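When the chains are written out, they are named A, B and C in that same order, and each has its own residue count from 1.
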Amino acid sequence: MMNKRLLMISVILVVFLSAVSTSARDIDWRAYKGTQINVQLAQQPWADFIKGEIKEFEALTGIRVNLSILPEDQHRQRLAVSFASGRGDVDVFASQKHNEGVRYLMSGWYEPLEPFLNNPLLTPKDFDFEDFASLTITDATVEGVLVGIPLYSEVQIVYYNKALFAKAGINVPDTLEELKNAAILLTDRKKGVYGITLRGRGAAATTIFSGFLHSMGGSWADSDRNPMLNTPEAIKAFEFYAELIQLAGPPGSVNNHWFQCQSLMASGKAALWIDSNIFAATLLESDLANDIGFAVFPEGPGGRKPAGGGWYLSIAPSSKKQKAAWYFIQWALNKENVLKAQLNGIPTARVSAWEAPQFKELDRTPELTKATLETLQLEGTPSWGPPWVAVGEIRDVIGEAIVTAIQGGDIRSVADSVVERIQIIRDNTEKDLQ
Amino acid sequence: MSGSRNAKQIIKNIIFRILLGVVLLFYMFPLLWMVISSFKTQADNMSVPPVIIFQPTVQNYINVISDNPFLQYTFNSFYVAIFATGLALVFGLPVAYYIARFKCKKLAIAILLSRMMPGISYLVPWFILFSRLRLVGTYTGLIFTHLTVTLPLVIWIMIGFFEDIPKSYEEAAFLDGASDLTCFFRIMLPLVKPGLVSSGILTFIQSWNTFMYSVVMANHNTQTLPVAVFNFLSYGGIDWGGLTAAATLITLPVLVLALLIQRHLVSGLTFGGIKG
Amino acid sequence: MIFLLFMLVFPIIYTVWLSFHRWFASSIKEPQFVGLFNYITALSDKRFLLGILRMLYYTGGSVIIETILGLIVALLLNKEFRGRGLIRTLILLPMVATPVAISLVWLMLYDPACGVFGWFLQQIGLPSIEWVNDPKFVIPSLILVDVWMWTPLIALIGLAGLSSLPKDPYESAKIDGANSWQVFWFITLPLLRPTLMVALLFRTIDALKWFDTIWVITKGGPGFSSETLNIYIYKTAFEYLNMGYSSALLVMFFSIILAISLMLTKARRKQW
């Protein structure tokens, strides 16, 4: 009798212990060896970083990664065309809520990630999803569905050239007014030095415009998503953005995307640049690395409202290799790799990376860290992009208005026609897409 | 009198030479600049005023070929262009022969019409159809769309060549008891061989250069050179050396081919319009 | 043959059918019949209407300049001189070179920071313009690229025409004592007209639907300032994925091309 009970207890104990050891044990990394997955990313510092690490993933899992890195515009177009055509040739892809979010979700182009995340056979325990900053998780959640694992703690910040500021003997601007004055003061057209470089290329410029719009007290839309781009605040923002470029920007600004701005910054031809913080890493490799400073977005009449919202990695529902695809995502964004990226100057999404003693010690850009963290503390960060479903077309329309403003066109009438046009696009698209 | 006339002649001659020089400079400059820039370092390319004397480097070419699956894209381009040309010849020759022999005007006009259609009006319906068939991104889909360019071209050029053959050749063959097919293969084809070569090369060039179809229909693995090079554009303003090196590499084969068939190029490009 | 007809006819029928529907390539729903809705939308769509104007501007500009320059080059090359064959061969190259590659080179030439053109203008004391970065100059700059690529075609066609001209009218003109300008205006040009009209027709059609260099160099920018109809339709279809609307635009686009070519063909007949 006694013996039997003992046996039972020991059986229970064994079962219990083995269960514990399973959950503690690592997942089977070789489960999908021999699979080949296609990963499509936009050209950014993180993409360059992960390109160098992929060999390790292939060795660990035996999964072959076919990495395709395209410039942002081409990346977006190819993704949309690829999904619209239903060809299952993209397994993992990077996208951004304000651009792809709602439309992709409605079209069924995002695979919900919760099931993968919660499956102990696919996700090792030390992946620790809680470690991702809550703001970044919000960025990767569309209408309550977790559609991606965040890559960045991405916010709009100020890049500036310390040497040029020191020479002119002025401080880093803290208000929009100061920003304008500094930019004008630092412009020396004869020497080919410009006070500020900002994106001017239509749709791409809307992203950077967002921070200016909201700091002027404006907004993309009201709570019913009616466009608010012809309010006095919005018009002031258009004027301000255009004036900055007219008075202190380089020639050809209306065609500049972030990479042109970045190269102007890297060659010392621009004193200020306002853009996303994720592009810092490339500048750290330039000759001027030590001259580049970082600051929080300046305050305007409507407060300090730099835009934010980061890229994330998702799985395509049309993919036939979703589990292997998930392996790639959870490996690429595990604690170790994220820390490595963080040490390379990339503002990642994991709290542990920001707080790692290693990072605090080796941080090459404490100023960038400070500016990013301070920005993240701000309340009510606006989105990079307008909130409508047909965001691609609407971004083009708003971008055209920015170009017109830079060219010195009549901003008021342009703004009115933008609002009118957005209403038409909404009428024609939102019904069907929703 | 004769002296002043001579002087006038000389001045005329000089003006003529200068004009000729200007024309030549205008046409050659961009191509030359492309080749020159591809051997320059980034610093040399960015310098203002432009540097004329510089230390040439092949680093750009090495970068382009080693950083990208450039060979894969070259293979794609060749693969697609060869099939698009081959199939166009296979389908196009009989049609051209038919039109030439039976003076089928309506069909000829239909083909001319197809030349007038903007490429995008093929692309939209084909894209939708191919999406349903899951052919977007495959070589098959790509080749098929290229056919919309190459097929009418082959037909139109070859009509001219078939028309030039005197009817008596055929009649002689029929008298000898040859069937339609043998007549076509044994007698007609050898007679239009020069046309075959030049229309083949011309279609190859057209397919090689085709951009819009390839952007939409190709994926990462099947993209052709023009698409791949277009994607270098992110470095716009950053790596001009690499860009021009890539541009030189894709243009080179076409230029060589074009020189081979220069005689037929013009009539081919105007779609045989000059003959008519 | 059936294959051929299918290839040509299917797109037309399908496009027309789709143009009466509302359908996005991203939507899971089937196309929904909306009647003439897409066409009515287009009529008040500024981007569409301005796209037509830009297309006409681009085409008109290119074709006119190309014809005049082409004729001049043809007359130059019609003379006997050493190296004529070589030059004839060399000017063939622009029109076969891969348009995407060529666009990249021009993009570099136009670059505001390191472009040779800007530098050159400065050297000869002209104010530098921003070429493709300036909405006012972007279409002329694109026309220049088109002129570079396609003038040789007109020149070579003209040359072929010149060499096949009959000799008699020239001899009688010589006897009448006409100067070379008169000879050109009253004899050469009328004789050349049929050939030139064909060349013009083809150039016009091609310019109306030209895509490659515009897309690579400007993508229709800055803003929409170089967005020709073709570019707008491409964006509607493959960036906005609005297939129904783009089909309606396509139908109108094709009608415009057809109308223009018919007009040109008629004009050609009259001259004969």
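The rule is short, and it goes like this: a contact is a pair of C-beta atoms (placed from the backbone, for glycine too) under 8 Å apart; a residue touches a chain by one contact, two chains touch by 3 or more.
Every value quoted in this text rests on a predicted model; they were computed, and no experiment measured them.
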If every chain is a node and each touching pair gets an edge, what shape is that graph: line, ring, star, complete or other? complete
Is the C-beta contact count larger for B-C or for A-C? B-C
So what's the Cα centroid distance for subunit A and subunit C, whole Å? 40
Note: subunit C sits from subunit B at a C-alpha centroid distance in Å of 17
Subunit A, residues touching no fewer than two other chains: 81, 84-85
Quick check on subunit B: which residues sit in contact with 2+ other chains? 46, 127, 131, 216, 230, 233, 236-237
Would you pick out the residues of subunit C that each touch at least 2 other chains? 25, 111, 113, 238
Under the touch definition given earlier, write down the residues of subunit B that touch subunit A in their complex. 46, 127, 130-132, 134, 136-138, 216, 219-221, 230-231, 233-238
Per the contact definition, I'd like the list of subunit A residues that touch subunit B in the complex. 38, 40, 43, 66, 68, 70-72, 74, 78, 81-82, 84-87, 89, 257, 259-260, 263, 267
How about subunit B: which of its residues touch subunit C in the complex? 16, 19-20, 23-24, 26-28, 30-31, 33-34, 37, 45-50, 91, 94-95, 98, 110-111, 113-129, 131, 147-148, 151, 205, 208-209, 211-212, 216, 225-227, 229-230, 232-233, 236-237, 240, 243-244, 246-248, 250-251, 254-255, 257-259, 262, 265-266, 269-271, 273-274, 276
Would you tell me which residues of subunit A are touching subunit C in their complex? 73, 77, 80-81, 83-85, 103, 106-109, 200-202, 250-255, 269, 390, 392-393, 396, 399-400, 402-404, 407, 417, 421, 424, 428-429, 432-433
Interfacial residue positions of subunit C with respect to subunit B in the complex: 1, 3-5, 7-8, 10-12, 14-15, 18, 25, 72-73, 76, 79, 81, 87-102, 104-109, 111, 113-114, 116, 119, 123, 148, 152-153, 156-157, 160, 195, 198-199, 201-202, 205, 208-209, 211-212, 215-216, 230, 233-234, 237-238, 243, 246-247, 250, 253-254, 257-258, 261
